[in-house]
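Each of the next two complexes has chain A plus one more chain, namely chain B in the first and chain C in the second.
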Partner chain A sequence: MSLISEILLLALPLTPATGAIIAGLCPRRAIKTVRFLGWGFSIATLIAWIILRVILSAADNGLMVSLFLPWVPSLGIGLHFGLDQMGLMLSGLIASVGTVAMIATWPAQPDTNRSHVVFLLLAEAGMLGVVTAWDLILFIVFWEVTLVPFFFLMGRGPTRGGVSSATRFFITSVTSSVLMWVGVLMVVKAAGLPRTFDLLELGERLGISGVPAGMWLLLPAFLIRMAVVPLHTWFPVAAANVPAAAGIMLAGGVLPLGGYGLAQVFERLCSHTGCGLNAWLTWIGVVTALGGGVASMVQRDIKRLLAYVCLAQIGLALVGISFSGRDWLEGGSMMLVAAGLGGACLFLFAGVICEARGSQRISEISGLWRSHPFFAGMAFTGVASAAAIPGTCGFVGSVMVLREISVEPLLSSFLAGAILVVGASVVWAYRRILGGSHLAAVWAKGRWPRRRQVTILALLTLVIVLTGFFPGLISPRSFKLSDSANPDAGSQAPRAGASISGGE
Partner chain B sequence: MDVCGNLARAHLLLWIVPAVCAIFTSALGRRLSHRALSGLSLVGAILPVAQSAAAAVFFLWGPQAGNLGRVEIGFMTRDPFSLVFELTPLGTWAMLLCSILVLAAQIHAIGSVARLVGRHRYQALVLTVGAAGGVLFTAASMVTLLFGWESLALASAFLAGFWESEQGGGRTGMRWLLFQRVSGLLLLLGLLALQTYSTLAATFVAAAALVRLGQLPFHGWIPDSSRAPSSAMALLHGAASLLAGIFVLDRIWPLFSQVESMALVTGIVGASGVVFGILAGLQQHRPQKMLGWLFLLTGGFCLMGYSVGDPVAARLLVSGNMLVLGGLVLAVGTFAGPLFETESGPSVAKSPHTRKAYLILVAALALPPSLTFVALGRFCGSVPSGTIGLLIRVLVCLAMLTCGWILRRVYSELASKDPDGKKPAGRWAGAAPGGLGVTAFVFGLAAFFSHHESEYLYGGSVGFYWALGSAAALLAGWLLGTAVAVPGRVGKRHWTDRLTNSQLIMDKIAGTGLGVGEMVARLPVIILRALGVVFWRGIGDFIIDTLIMGTTVRTIEGIGTAMRYIQNGRVQRYMFVLVLATLLLVLAMLR
Partner chain C sequence: MSGACGGYLTLGLAWVPGILITVLDARFPLAQRRLTWLAMALLAGECFLSAWLWSGEPGTLFAGRGLRLDGFSVFIQGLVFLGALCALLLVDGRQGKMRPGSAGLILLSTTGAAMLAMAWDLIGVAAGFIGALVPLWGLSALHANEYRREGALKGMLMGLLATAFVGMGAAFVLARVGTTHFIGIRAFLQTHASIGSDPLMVAALSLLLAGSGCLIAALPLHMWFVDVVESLPVHGALVLSGGMMVAGLAAVGRMLLVGFLPVSESGPGYLSWTSILHGVGIAALVACNALALVQPRLKRMIAYLAAGQGGLVLVTLAAVGKISIINPGLAGKATGSILVFLAVFAVNWIGLFVAVAAVEGTDGEDPGIGRLQGLAGEHPWLAVAVGLALLCMAGMPPTAGFFSRLYLLEAMVDAGWLATAIVAALSLGLVLVMSLGLVAAMVLRPARPGAVVRLSWGVGLVAMLSSTAILLLGILPGGILDLAVRSATAGIFF
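Let's look at the complex of A and B:
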């Protein structure tokens, strides 16, 4: 069983990478072959994750599956792959989002089909590599790998701003990568000899010897990827100008990946104290959540609006990550997954309808309920998840975060306000798209949505609802209230049904 | 009794049956004939009524008084997210009322939306309201309760025409939904704080219930609710707002009663709601709007019931008024339009069946032995003696007088001839509202026979006499309305309107309550949008992008330009830079 899980662990980043290589070697005109290769390899990755999820049982805070191969032993660098609870959740998210982007989107220009598939698979491989890497060098390598395919994917947007958005993303990402390189080297130096880049060992050593200055360089790298205030401005611009596939991957993969990096690398190296910065990070999260919510209320461009909604959810996740200070960050992780799934669903919906309508202005895409009630109705799960309506994964994540911070009434109120504002904003936008004047002639043009798009949206909807009712589906751990780092928080939190099941 | 007990224990069917029927109605709607579709949707509405009635019989006269059939869905569910269902006497009461109203709304919808293209979706949504009510009223855990609470609000919003244009119920649905998001989050915060801060939790949950009940100042959605289809409006006000709000207040009643100031606050809010409901109801010119404000008035009385420490009075008031007012909305809806009340006038002509049903409902509002009569007696009997108590009882009579007047004004429209000569509505038009009126009488008799002691039922003879007094006030209001009303003038300016208002002030008050309702609905949005602009344009675009990023980029560009200028191959520039650098170095060393 261990061997199988190790093979599946390696298969997570290697399957899409192999697919990218094979698809890249195919002739440019073999469009169908390339497409089915892309579908096949992304679905295979998702299946590998599902099997892994079934095999892996609940474990304590450590790695559930791990594989170490020496790489450059003299420098302390090794190929250390592994998955813990959070990694398992995030890898599932990325595999799902990658499959969604691969199957539901297709470039408008026929000559870019092959590169589209190759870049999507490369991006998925890079992101899965980041999640599975437990050696810092390996982590950074995969972190950089994600950058290149995104640069090319983003530059093919429906608007002229696509290239400039891609350039902006590239520059900010390179900046964050440089900071991360320097920070990692400083951290490794501070950890002393024998030199190692292994995340677990570094965490143990630094927990004893104190906080190195390199942490200050690592932090912005992750915060830029998470697009939290004040490092957020690249994301709304990018989301509004990039094609649907890149939008789905950005909202569903890149942003949560920043949160994963923050939780796994920064918090682990700081022994889950946030190097004394957790209080600041919590407030940054609150400001991001509130700012994203209020900014989404004034948007006229649907994709930009959704970008701010995602921003707000990432802010909530940041609060969950930074506030808990636990070994295993359940609220933050669940919120990251919820933000990813909900974001992917909404960006898929928006991408399809904007492509069909040829416009991103909300006022120009009204009356969808009368022409496509089923397709529009399914997208409501994404809206409901963003609005934290019960029965969706967004609700689960929001409740977990709110429960963690329920000992701080002020923070709880701010976050509840942010959830309310985000919900109001996204529901209002959805209502305007569904209702309003029906432009039958406009919507009747072309064949849309494609059957595969409807199927994928339906599956995504199903996942959002299932994880809303059964959160244990994506994470095997049986959460106990007493696990909380703050021993009082466990006893203070409500026992489900204890106080309201009275009756007469 | 065994059959009743077994039906009560199978309470999951209370929401599974309507949910499954809703799915089939929605999915197969276009392929089924109108009759088959109606049959399917009626099955989903009737079965919960029968089951909850059996459960009520079991709880009232059966051997067991405790909660029944606890079911926990634990598959892959985390600890705080477990779905737990249980049937309690309180839940049975609420479910019975909810399912009866859903059945009435479904019968009404079958008749009124027959020609509508998307009627299968509409009927499915009516069933969804029933299913959501089933989840809420059998909930026994935090998440289940929240799920029921939110799904009931969502289903009602969609039923009200969430996706329709502004002329229809879209505005109603949207406003209702936004208010209910506030209510849902307040409830969530309250439940999360339940074992940490009991006072805070009680405050949050009470606030959630107040928002749900549409009490001042959260009544901004009520004026718009008349735009919704009449069956949707009945469910929105009756099941989703009034019943759900009171049900949740009842669930936390033990905690609620321990907070000292809570009784005073709810009393003031409730009394304000009653006074405001009277004033606003009198001022309206459209029948549906008049009835909408009467729901606010009922909610106010229920809150006052809690503030005087008698939740039973509140429950009785909800039960009676929900049935009667729901029936009145349905009765009026038959001539106010088949689906939407339109400015162009009724599209279905008035019918004698509707008029009969209307009169039954008016009688059920206060005359013995209706449930409303019992409720008013219980409420008046529970009120403490003294000046405050007297004032409250006078307020009850005043409210009934106003109701009589308002209902007479509506009836004058109902009784007037239809100028268009349209085909009168069929028997269905009177079936649902009339049935609700008869149910109110039957429930009143059941209450009388189950608790025939007047001490329990009316709080002594005082309550009974005041109930009689309020019935007399209703009759007086009706007669007053008869004396001054001219048929056919409801929608127009008339001298009777002058009697009820001092125009300038009353318009302000009655429209949205000195603008409070509108202010509560709009002001936060305006402020948040302003903050959004500040965040987006001010902080994001200007400070971060233009000032910080732009300045950095320009600085780098400037350095680059300078370097390019220097490196253009001319020796004197190299020399100049070298001299400058040397001087700086010397200066640095000297320091």
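Let's look at the complex of A and C:
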């Protein structure tokens, strides 16, 4: 069983990477083959995750599966792959979002079909690599690898701002990434000899209580990817200008990945105390949640509106990660997954209707309810999740975060206000899109949405609802950041009332 | 084969045939193709000889008056010969690209660079620089038009001036120390603790640093380099900006780390080459990489990038000097990291010149970067090779550039230079933005009407070799690091 789980663990990043290579080798005109490969490899990745999830349901807390292969032994660099509870959740999210983006979107120009599939698979491989990497160099390698495919996915946007927003994303990401290189080297140096880049060992050795310089260099990389205030400016612009596939991957994968990096690398190296920065991070999360909610209310572009809604949810996740970073990460992790699933659902919906209408202005999109009630109805789950309506994963995540910070009344009030504002904003926008009748005739024209898009949206809806009722589906048990390679290390009893297992 | 034999062979195999091929090529233009093939065969033989010599004990194989063949020099020579071989492959059989005598001049320039790699004496350094540069001026003059003549003249004047500086510095050292041998200089400096403030030695070291800095295109003496690279044909530009740069940086590194290590520590009124290299390197990193970003032409852009990457090596050399004082145990590994970087640099430059060779017009003028537009659509495999070289230059994984730059940053962090490491990392960000801009032009934009891409089997072979090396060194970086550390410890000691 251990061997199977190790193989499946490796299969998570390697399956899409292999798919990208094979699809890249196909002739450009073999569009059907390329599409088949793209679908096949992304679905295979998702299936690998589901099997792994089933196998690991009986695993202990901590690092549930891990595999180590030497890479550069003289420098203490190894190919250390592993998954703990949070990694398992995030890898499931990324595999799902990757499949959604692959099946539901397809570029209009036949010339770009092959590269679309290759870049989507590479982006998925890179993100899954980040989640499974337990060596800091391996982590950086995958972190950087995701940049290039995203640049190209974003650069092919429907508007002329696609390339400029891709460039903006790229420059901010590159700046933070190269600083992360130096930060990692400083952290490793501080950990002493023999030199190691292994995350678990570094976490055990360091036990940092102050804020060393290396940590200041690590932090921006994660916060920029999370797009939290004040480092958020790249995301709304990018979301408004990039094609549907990139929008889904950004909202569903990249933003949660930043939160994962913050929780797994930063909090771990700081002995889960955030090096004394957790209070600041919590307030940044509150400001992001509140700011995202308020900003979403004044948007006229549907994708920008959804971008701010995603920001608000990521802000909630940041509060969950940083406030409870000392002990339990359930709220933050669940909120990251909820933000990812909800974001993917909303951006898929927005991508389809904007493509059909040829406009992103909310005032020019209305009357959908009359022409496509089923499609519009399914998209409501994404809205409901963003608005934290019971029965969705967004509700579970929000409640868990609120419960974790309930000891801080001021924080709780702000956060509850942010959730209400976001909910009001997204429901209001949804009502405007659905209501009205003057465009119903326009919507009825043309063959849209495609059957595959409806199917994928239905599946995504199902996942959001099922996760809302049974959160244990994606997270087998309540958990703590794995403290060591020893699985027993994290098996202490969870804090009373903090468990999400068993579909509470 | 004895080490002495190997030493003479590495120089002789290139030098004597280099002269013969140049003369025969000029006398019998119809035999140019065969003579070029002969030159390539000799260079391939040199590559194998270097590999064979290295496969034995990488310690001292041969030590002559001013030259020393050891693991370090064999490592660098291998890179130089490989670069020259690829340079000839890139232009072989291309109408108008090769003038009679070109192949021989490349061989002669390579001999000079090989001598630089073996230099164990200040005179050897000066001779190596002259030996590497003079044939390249000739090559530039062979492909003469008005613009190129200007470049050749500029290069010649600056090169002679710089070599004169190195020669004068060597003369001052001889006057004060009594020898120009690295070991002799080091022994003298170790026994004379206050020598750093000695006016004659200060002048000598200043002249040596200024002269050799100019020859390796260190800011602010880099302008001649950019003009000469632009004026040279593809093969000459690759040898100058790739091979000679690698050999020059290695020679300067060995001169400072072996001969002048005792004066690496800075202090009040005390000359320290580490602080000079530190400042110059940082300035070069930032300025040259930023200038590369705005260049409209490929060869000029590559030349600025070479100067910027040279700055990165200079900073790391300074860091090694600092590490040798605060933690000598790490100095060998840090020097090895420089050799890894130089190896990746050589492979990377070969990949970049694949792009130049492919898109350059028949007139041999420096192609504009716009010529790369739409390359992915027209020639996807060539675009992959060029894209890999560009991403490698920016240090993106999984290319070799990632680890090579990470090793250098690690050396800076080990030296305690956090701000320097941050500036170096940010300057790499500049390169990454530029690289991705070019890759985006290749992938996202349509080809320019009338743009012609000239492919030959040589270009294809070199593209395949460089891409394979870039990926292999990136995915399996441990082997090259071990090899480089062994080479470094064989040629430089602390």
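Brief remarks follow.
Quick note on the criterion: the second predicted complex is superposed on the first by the 462 of 504 C-alpha atoms of A that agree within 3 Å, B and C clash if a C-alpha of one lies under 4 Å from a C-alpha of the other, contacts with A are read in each partner's own complex, and residues count from 1 in each chain.
Just so it is clear, a contact is a pair of C-beta atoms (placed from the backbone, for glycine too) under 8 Å apart; a residue touches a chain by one contact, two chains touch by 3 or more.
Keep in mind it's a predicted model, so treat the numbers as computed, not measured.
In the superposition on chain A, A:86 makes contact with neither chain B nor chain C.
Residue contacts after overlaying the shared chain place A:206 against neither chain B nor chain C.
When the two complexes are overlaid, the chain among chain B and chain C that reaches more residues of chain A is B.
In the superposed model, A:399 makes contact with chain B only, not with chain C. Of the two partner chains placed by the overlay, only chain B lies in contact with A:389; chain C stays clear of it. Contacts of A:224 after superposition on the shared chain: neither chain B nor chain C is touched.
With both structures placed on the common chain, the touch criterion links A:411 to neither chain B nor chain C.
Residues common to the contacts of chain A with chain B and with chain C across the two structures: none. Within the complex formed with chain C, the residues of chain A that make contact are 28, 71-75, 111, 115, 137, 140-142, 144-145, 147-148, 151-152, 155-156, 163, 167, 170-171, 174-175, 177-179, 181-182, 185-186, 189, 213, 217. Only residues 66-67, 75-84, 86, 88-91, 121, 139-147, 149-151, 154, 162-165, 170, 173-174, 177-178, 181-182, 184-185, 188-189, 191-197, 200, 251-252, 254-255, 525, 528-529, 531-533, 535-536, 539-541, 544-545, 549 of chain B touch chain A when the two sit together in their complex. Remark: chain A residues 229-230, 232-233, 236, 291, 293-299, 308, 369, 373, 384, 387-391, 395-396, 399-400, 402-403, 406-407, 409, 412-413, 416, 419-421, 423-424, 427-428, 431, 434-437, 469-473, 478-481, 492-504 touch chain B in the complex.
Touching chain A in their complex are the following residues of chain C: 376-377, 380, 391, 396-398, 402-403, 406, 409-410, 413-414, 418, 421-422, 425-426, 428-429, 432-433, 436-437, 439-440, 443-444, 477-478, 481-482, 485.
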